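By letter and in written order, the chains are A, B, C, D and E; residue numbering begins at 1 in each of them.
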């Protein structure tokens, strides 16, 4: 399977969109393009499984490498392991759903979908990169489209939020770049596989690990670098919120894992305590901060901070199970939060408010959206049967395996957040969906259209599939997480 | 002290004195004249060093050209005899101090420096030699710089014309 | 294999029914949804009975001991070698008993709801939720893996949330549902951490392996006993935390506060969830891990006993003061579950020592019958009166004769009057308590008197006292047949369930246990119960001033009980005041002002610096030259003296 | 002398030829603006083709002139930049009285840069420097009816005369200590005596002045703002590019022995330059002034690249590569400014509000340029900037790299200000729709193509890297 | 006392800093230009002196001086043209008045 297709297809589709004559064509092109992406992602998934079942034990499959800037030893190098495949599946689903939900965008339609698809190609590129430089390229590629999506199509204090998001992400990637340069300085290569085989010196790891981890951490909403999350998400248009929370924040987690932890295992051990501390703070503090929010998007955004904390916690714990859980949590949170944002977007486009206290009893008026809301909410609070549960439990189990009293306390703190999560999710659900109808104007609003329904169904299918049969995902991820752990263990010896 | 050195010190005092006056006097026209003196003094210095050709060029170009140009521009822009504004005190003070200490420092560095001891036979500086070398393509030939300077003069001339000659606006 | 398949069908049928009704019910199957749900449940119930028969009489006993059988085991999630969540079905005496109870009571409720919920707009949704609940509960009791039980535990929690909040346009229902979910979730946190502790120590999640490893001398047990934290061994911690989860679901003090509020749900739901099935999950959980409790961590078991006893007494006291009939029943449920819990607490493992265990299960069994009956009866009353308050009732015995009769049976059963079902099970419990712990025995005895008192207070208030007047009074108050049939069936069982030779089937070690009713011993409890009934008769048979005077006499104690001893207020204080104000609000504030403020501050600082140095670019050429010159001087100074 | 010298000096010959053709046409007096415009651009484009004329590499005129593949490449880049400037100034030149003079001046200046780059001798270097800067000073005044234009010219000529006088003083001292002006001799004879270091610092400050390194930068913004847009573009791109080329060669080669000194100088100045450039750019509203400061900040990155002397060919390669990219990015921006300024006279960010709605092409091009300058992928600027930092990191100067990376954030902020004005903000009086001429279209397409494709031309960097090895 | 190279260098250095002082303090643009001429002349003196005293076998310094004089002329010409323009536009040739462009 040619992985480059994953990058090329969205780029071509976005170009095609630019050539379209009217909004209708644009929509069709975008839809088709994203559907093809989804198809490709699944094709990749099956091809990957087939290859693994055929006994291919190479760490990365479908690799392709060609020199890009030969004098600097920069290659365009791609390949996937289970973790990447999982992230690609996530990306494809969220993009399709995002396109579906946004079919009603009227203002500058062409540009909107152009940017959206460009974003997706950045995400794919990031997940399949095996070269630090290309990885960084794709990481930064995603910053500006986000800025524009929020700035042009957003709502509320959009310019502030967009700028803040762009600058903070840029700051994150600047740190990442320093870290990458540090690696390059010592090893003279950007190749991840090569780097993983030859350990970097302890001094290098010690100095540059924080750069990489914090840099990616900014993307992954590491406390206290998460403040772009609430503002950015809440100002963004629906599809962009879905993308931001669903995929973009995963870039951070993935980077922390694939680059920081994998290539600098010794430093990961060294800084483990700090990582865990920050993650635990993010989890608890994020959920408590969520409790006080009254804007639906803020609620979901803060809860994303909390949920992404699980990812970092899992990575920080440095056990195979915890890392597997972290990746599962990325997938799960991606789907779930995208679903949540989609539901919020559907509501907002109808009621023109996101304030919790201004809505009530909508379940009766819009049963479909209401149900979606419930499913998203229940998934968010970690209900078995939905993806969140399996992911969080894997993180908890994995974390507990780290036999250190303080880390266990952090785990307990993280577990405690599921209660707080229940509080705010149920509060929001109870306010918005249940209770008597608050605003009589809302009696007239319509339920979801076909595109919205389809989007929701795709995401729900993902959430439920992972939730009901987590082993599918776990078997995909676990061997690859093990490979990363092997590196970590090697360093510990 | 030989006559030669005496002449040198006189010249030096003259150059520096008139140079200093050129940058301090508050009469613009006088400043130009002091500058002229200073330049002539420098030409004298060249004479003193037996570089007559350079001295000649100095007089022709500087005294005959540049200073005249400056004086012209003074006429164009200034009322004769009017005093110039005093320099800003603070700035003057700072500039004076800075220039003075920089001078001391610079002189010290130069003074301490061990220059190479000359052991070559001097080349006599004759006009024909200069001319030959100026237009020579071979070793130590200066034909290329010469051409470049000519381009520079051309460009400068065109530039001056465009800027200084305000053509009547074309009606377009 | 065919038998296995039948067992799998037991939870599967309700699941299918849920999916069918959930996906298509609202649009296409609205009319037939009740029937679909009921039929699927009927199937499950029949299969359960068949399974029970098969287990108890054909396959279950090997060498005279009932062996746990694992019918199906499918890895669902794998953590590390040996530690994985397996979806399985374990058949052993208590799970078989539970599936029978669950499917049976659920069936009764399904049938009952056909009449009770008729005309409800979201009829299909209601049945979907009921099916979901039944599925979850069945999954819970059949679990072969401690994590599996947690999974279904959560599912049970959410289905109860959905059912309690079924009338979602009532704010009180929404609040109650939320409260139930959050409180139980808080308890589940303990359960989860308990699982983490146990699984890490025992290196397994599978019940059979877990129990085996933690009850015999294995390195795992040794490890868990020797590591300690804050004075308890990690095994004790694990078990206590797991018990916390159970206590939450079973509404043990102080995690009981959700149960009375949960009465906001439709009454059949209360019958199903809050009487017979979900609330006993905690008891079931402790029973499931009982060998570990009893053999390796008797300390933890003591805690179970005291918590149970305290809850039983506490709830009974409150129940005496409540006026909402469902709340009285709710507190009585709590009280009865307290009985089951302390019965486990006072039990030992194996043989005669395991009497408490057997008694607890027995009580669970009988209680399911009469409590479901009580709720359904109360439902019938509410259905007729359209109110939950005792005030609005009275003298209904003539309007609703069937309901009256069955309700009376249930009251007698719960009060422990022979020969009704409750007598037998309560008897065993008291015996066990008497043998092990006199304090608990005393509490239990007193409580049984209270129980009889408040139950008959309820009974007299509903069916006697004043005459009932309403515009509907001319026709009789009984519901349709669909509501009456379950009442009658359950009534019959409330009478007869006590005669089941329970100790032959369900014991702590799987061996048969011979028990006999000791007449002498029975005198005390029956006397207490009769006293309670007589007092109730005296006070509530007809309207009079005595109850009010009595209430005044008790003064603040009465007020405290009426207000449920202000536990709710304490919780509100902790959550609303302490957590919201001291944690939530500061978190949000810090985020807005410090973390975010830091980001904004750095941006502002940059702006300001930019403004500060603006004058550098003054527009004056000489100043520029000055800088130029100064810079050279600076460079020369630095690089010729400092940085050579 | 043989003809191969002329071929080796092909670009210089071509430029001289064009200047004289223009001179004669101007004296002839019949040709109109359009004609000058067309003929010059045609000739310039033709002379681009000279790149493919094989030439002999090496020294000529006893070190007064030198060619190498790298130099040819650099020259072709600058020539192309000049063509782009010329093409995108169509609207300005159309109604300008002195088109021929404009071209003569600008080409003289370019010629001066070529000689300056090709010199192996301080005299030629100095002559080239003056030839490149005096005509530009005059050019600054070419908006004859604008007050600020003459102010800019005055600031330019006086400060550049001052700086070159200081530079000359340094040159004279170097001459005094070594007895030669030839680079080859100098590279051995300059060994780092105090006098030499002082002389070097004086020369260095001359370079720093031309490159607008803080604190030698103060003239930059004023001159950029006052000059005609085309001249600003020329100053900020061509002039700076040429200077960067010369700077790096001079440092690495002539003053290679003083590496210990200039490395730290570069490091300190790079930091100051980036920070100050960014801080000033933050609050600008006039676009030309804005780009002045942005280009100052860019120079900071350039200095970091230059400082990475450990891997010399990487440093040189990345500097050349950066300049190439910078040409396209900055000229795209200036092209847009030029068109809008020529047609409407508007030059502030405020005026650009809502530009995307009325002029999507211009807005998109501007955005591309800004992203490239900010170093955002997939534009070429991303690669350019990163390679500079990569080169700079070869000395292990991490504080420097960290500060540079963090400065990227500030710069992104102010670049986004313009993007925001164009795409997000609404304007009460948006600019009217502008129809572009063919030449402007061509220039813009070239810029956009360059910005988008340079990073993905696999072999390009390799080529540059390889020819950089031979200085 | 014999006149040595250092004496001449002392002279030129002094002249140079006099020029610098003039350039930094004179507010009249023309006098600033004059200061620049002083600077250039000081450089000339340097070149000639070095050539004469140290490297008399070649004429590098002399030629440099020659070219420098030519360039000084060109520069002065352009500068004066611009100054005249300034005077036309600002009616003043005081640098302190010519500061429209700033910040």
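Here is the rule we go by: a contact is a pair of C-beta atoms (placed from the backbone, for glycine too) under 8 Å apart; a residue touches a chain by one contact, two chains touch by 3 or more.
Values in this document were obtained by computation on a predicted structure and should not be read as measured data.
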{"item": "Both-way neighbours, i.e. chains that touch chain B and touch chain A", "value": "C, D"}
{"item": "Most contacted chain pair (by C-beta pair count)", "value": "B-E"}
{"item": "Chain centre separation (chain A, chain E; CA means) in Å", "value": "65"}
{"item": "Whole-Å gap separating chain B and chain E, where each centre is the average of the chain's CA atoms", "value": "6"}
{"item": "Computed distance of Cα centres, chain E from chain D, in Å", "value": "27"}
{"item": "Whole-Å separation of chain centres (CA-atom averages), chain C against chain D", "value": "77"}
{"item": "Residues of chain B whose C-beta touches two or more other chains", "value": "91, 95, 98, 102, 106, 109-110, 115-116, 140, 142, 145, 149, 152, 156, 159-160, 163, 166"}
{"item": "Residues of chain A touching at least two other chains", "value": "167"}
{"item": "Sites on chain D at which at least two other chains make contact", "value": "123, 127, 130, 134, 137-138, 141, 144, 150, 153-155, 158, 162, 166, 173, 176, 179, 194, 198, 221-222, 283, 413"}
{"item": "Chain-chain contacts as defined at top", "value": "A-C, A-D, B-C, B-D, B-E, C-D, C-E, D-E"}
{"item": "Residues of chain D defined as touching chain A within the complex", "value": "313-314, 317, 371, 376-378, 382-383, 386-387, 389-390, 393-394, 396, 398, 401-402, 405-406, 408-409, 412-413, 416, 419-420, 423-424, 458, 461-462, 465-466"}
{"item": "Residues of chain E touching chain B in the complex", "value": "1-3, 5-11, 13-22, 24-28, 30-31, 33-35, 37-38, 41, 44-45, 48-49, 52-60, 62-63, 65-67, 69-78, 80-85, 87-88, 93-94, 96"}
{"item": "Of chain A, residues touching chain D in the complex", "value": "66-72, 133, 136-138, 140-141, 143-144, 147-148, 151-152, 158-159, 162-163, 166-167, 170-171, 174-175, 177-178, 181-182, 184-185, 207, 211"}
{"item": "Parts of chain B lying in touch with chain C, wherever the complex brings them together", "value": "91, 94-95, 98, 101-102, 105, 109"}
{"item": "Touching residues (chain side chain E, partner chain C) in the complex", "value": "20, 23-25, 27, 32, 95-96, 98-103"}
